[in-house]
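Order as written gives the chain letters A, B, C and D; numbering starts at 1 within each chain.
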Amino acid sequence: MTTTATVRPGDPALQAAESGSLSTTELAAVRADFPLLERTVRGGKPLVYLDSAATSQKPQVVLDTEVDFYEQRNAAVHRGAHQLAEEATEAFEQARAAVAAFVGADEGEIVWQPGATAAINVVAYAFSNATLGRGGEAAARFRLAPGDEIVVTEAEHHANLVPWQELAARTGAVLRWIPVADDGRLDLSGLDSIVTERTRVLAFGHVSNVTGAIAPVATLVAAARRVGALTVLDACQSVPNMPVDLHELGVDFAAFSGHKMLGPTGVGALYGRRELLEAMPPTVTGGSMVEVVTMEATTYAPPPQRFEAGTQMVAQAVGMGCAAEYLGELGMAGVARHETELAAEMLKIADIPGVRVIGPLDTADRLAVVSFVVDGVHAHDVGQVLDDKGIAVRVGHHCAQPLHRRFGVAATARASASVYTTVEEVVAFREALAGVRAFFGAE
Amino acid sequence: MTTTATVRPGDPALQAAESGSLSTTELAAVRADFPLLERTVRGGKPLVYLDSAATSQKPQVVLDTEVDFYEQRNAAVHRGAHQLAEEATEAFEQARAAVAAFVGADEGEIVWQPGATAAINVVAYAFSNATLGRGGEAAARFRLAPGDEIVVTEAEHHANLVPWQELAARTGAVLRWIPVADDGRLDLSGLDSIVTERTRVLAFGHVSNVTGAIAPVATLVAAARRVGALTVLDACQSVPNMPVDLHELGVDFAAFSGHKMLGPTGVGALYGRRELLEAMPPTVTGGSMVEVVTMEATTYAPPPQRFEAGTQMVAQAVGMGCAAEYLGELGMAGVARHETELAAEMLKIADIPGVRVIGPLDTADRLAVVSFVVDGVHAHDVGQVLDDKGIAVRVGHHCAQPLHRRFGVAATARASASVYTTVEEVVAFREALAGVRAFFGAE
Amino acid sequence: MSTLEQMYQQVILDHAKYPVGRGLVDLASVEGHLAGESHQVNPTCGDEVTLRVDVTPEGSVAGVSWEGQGCSISQASVSVMTSLVEGADLDEVARLDGLFHDLMSSRGKGLGDDDAEDALGDATAFTGVSQYPARIKCALLGWAALKDSLARSGALATS
Amino acid sequence: MSTLEQMYQQVILDHAKYPVGRGLVDLASVEGHLAGESHQVNPTCGDEVTLRVDVTPEGSVAGVSWEGQGCSISQASVSVMTSLVEGADLDEVARLDGLFHDLMSSRGKGLGDDDAEDALGDATAFTGVSQYPARIKCALLGWAALKDSLARSGALATS
């Protein structure tokens, strides 16, 4: 599928990357794969894109793969007697296998979804539909009773918080949460009193999209297992930026999005342990997820199809598969090391007078996502001044209002990196940031 | 947006099309816009694609628009302080306006969805979430009580049947349906005893994806209004193939998919009257659909954002907007006339010995979707022989098992057209079909 | 002047730093006056303003006070608006509101109408903001709060 | 021979037309025999087969009968399978099942093993089907029903 990638597996440069980070030449080769990075903004300034945690840019090979799908084999999958349908189905299922391999899962454990948000909602609705009696005997594990508890963390993205609040509201279950410590990491001191026999689900983010902190997955999974709770991992920020092996992590469910991992918009994946997917009632219903339909009743197909109602985002799935292969060929260990270097460079902004970083100040167990406030200047104004220099950062609450409230701020500005980000870009960002307070007369 | 379309508005050829059908030259120009149509299959045979009711092919301009989005302005929408985010947001919202204009709706009434299936599920879950107490006072209209009835038809695609079955199962409401007559049209003789004071929702397909029959929307809407029921129109097959003005039709909700109307996979739209969208609780929750989020509770953004949780399928929405413009420029009245001609050609298969058409045999109030069975030959075997001649039709129950059961068949083969289909293709199909029984020694 | 400098005019930076009308004033109603309060949130960023208005029996704005949290554009805009509408009658306020909305839709071009721009006074400094679609809502936040608080005061119904 | 003709071999067309074992036979159990029934649906098309198997005390297939609705490939396949397994012992059935699955994964290439193809007999006529991914499930439907009915008969546990 990766017919035009500049960087290829087996490339000696890449082998080097396996032990170190990306070299300057490798990085240049990677950047050349991303057409958007050549853009200029605000009157001819080169773009410095530091908003990859919101959405990543796409390599040419992903775009080409998607277009090639449309031009050569676009058809409805899983049902055709014709050649196009056969070819489309094959591309679609090969993409599933590629994504599964990339995150250490089996093919049958990967369910295509429009995105991570939708994926988390599928699990939350499985619980409420089971609680309303759907799914029969098999779904007993997903049935909630009064007094049951759902545990999240104070660091969650709204995508991994609001669906659980809503589930609690729909079922009468109680939502509890693990607090965040001053350094931006989870405060596990009260873990045993939060994750208890009453806990049925523990949902948490692998990497915070605000602080960049990596959660202690092993500790949390162990706590959940001890009490028989199911774990749901929001892997949106980890899968694109570090090696992730879901079987090794031992979580029950995980969700991640294509658009953050160099893939197309409109596609993501839900991972679920096979046995759990088998037991779960569907959320979205319609065509292609059924076995026998009468006007009176319907029986459901086995997973993953059970959770893939209607015509799927086939071209995007194929694109996401290609993105997974592209990252796999680069080698995620090298990518992670590259991002650690970038994180170190980013964290130097803490030395700029008036700049306060929200989250860990060291590079241990964190990725290159750095949120900060500037004394006396609103985050949106900070972002605007950076934008004027061609530097794209994100401003606002980054869909994590409770975490911002925890640090007493309404909004932060955030710089975030991806595999194509360079140290030079981070330096340009730092320099521009150093001038912001002066612009607003805040010094 | 339509920078490379061969056919342009104001083109004198097109003006002609407004009064008649598409001329041979116009059709040739249209076909040249669709790269996949140049493909050959099964050892060099030209492709005759008669599976557009499953998914349509895409014009170059849609592919180019999507790629251009990724290469020039890919960013997260609605939140950026940077130029890319501004441009992405503008493209996204312009696409919404284009789709709204295409179906006679206001911008604020169009909610992006992954597809029509998801869109219908959003409405069905609004009812069940409201019934569970979500959405407060405003959502009273969506609360179901025991004895309340949901009405569908026997002709529905599973996408407009199973979500309502599930809603009934979740809430205790009762599902009823309008039967189908022998000619494949709805049997409205018992309408008044089916749509009654107990009816809360009437969900029906605009055009059947099996019989091609156009439903009598005005009659059904009037029946629903008389009893205060809300109407949900499955417009999947109408929007791509005939002029549709949702305000004029007077339905409360409608759903349609991008991939069937020359747009990308992975995107569709939910239409809802503004007042109803304002009153509806959300289904999928997460980022970008909220106002204030605390760990304890969340308030929701106004529509359409309330129903657009998480990162949206931005590139695909932009592509769907472009597809709507492309069709709009062609003129849907001309497209519909073209398809009526094709339907007439297709229906001549009824003269082939052993061929039985399921659905209306005349071209009044029907589109170019023709399903049929061949005496003594299973639909899948029919499809395989046609495929060997390069003719792609669909086989199976087309996600409408109850309708197939109504006609005593498990599966049919189906030929369906789109704007790029030619009479010559239909003739080739007829000729190939005439040889099928001989191949299997069924004569 | 760069487009950034066009947005962050000195007038705006000054108002953001030294806002007019900031600090909510008690609405213990003056005899015959109508009073209203509104809380508005900009959903794209979570910023907010709470605004109180006091209207004379004759239908003119006796006073505006507010409290808010937001970017310099939003804070400056509510401040400029406060100076502009104090003493104005409700028709004039409606006209100013219309003009300011038009200005925000002008994509940096301004109103091209000297009378209108004279009427808007310092508020014309926001012309540059209209080049930044993401910031238009910032500039309109205070105006939305004013309109809503007037509606809530009951003053619009009587005028 | 075109790939289509490779798929629709005469053997297949004949078996589809004159199927072996069609028509369910009552399983009123013969002394000491084990019997089982299975109903399988091909979810992609909704076609189905119901199959009954009768196993001797010595562990060989005494009889297979079935009823089904489906395409020529599925009907012919269950028919060919019926002729093939009648009289075979359970190890032989398991081996044939494995070989047939291998054949179906061969993408039209066949097994390249004369012994194996001899064992499969008429069932090698399905080699062409394996070039059509969408049809492989058709050919396997009957085999799935046989395996499941054997499991349900309890014969597998005792063998």
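Things to note:
By definition in this document, contacts are C-beta pairs under 8 Å (C-beta built on N, C-alpha and C of every residue); 3 or more make two chains touch, one makes a residue touch a chain.
All values derive from a computational prediction rather than experimental measurement.
The set of chains in contact with chain A as well as chain B comprises C, D. The chain with its C-alpha centre at the largest distance from the centre of chain A is D. Centre-to-centre separation of chain C and chain D, using mean CA positions: 79 Å. Note on chain placement: the centre of chain B and the centre of chain C lie 45 Å apart, centres being C-alpha means. For this pair, chain B with chain D, the centres built from the Cα atoms lie 40 Å apart.
Along chain C, residues 44, 46, 132 each make contact with two or more other chains.
Of all residues in chain A, those touching 2 or more other chains are 42, 79-81, 85, 292, 380, 384, 395-396, 401, listed in ascending order.
Taken in their complex, chain A has these residues touching chain B: 35-36, 39, 41-42, 47, 49, 51, 54-55, 57-58, 63, 66-67, 70-72, 74-76, 79-85, 114-118, 120-121, 125, 128-129, 132-134, 154, 157-163, 165-166, 169-170, 175, 177, 257, 259, 264-267, 283-288, 290, 292-298, 309-316, 380, 383-384, 386-387, 391-396, 399, 401-402, 405. Here chain B touches chain C in the complex through residues 78-81, 85-86, 89-90, 290-292, 301-302, 305, going by the rule given at the top.
Every residue of chain B that touches chain D in the complex is listed here, in rising order: 42-43, 377-381, 384-385, 388, 395-397, 401, 410-411, 439-441. On the chain D side of its complex with chain B, the touching residues are 2-4, 7-8, 13, 16-17, 44-47, 69-73, 132, 135, 138. Per the touch definition, chain D reaches chain A in the complex via residues 41, 43-44, 46, 132-134.
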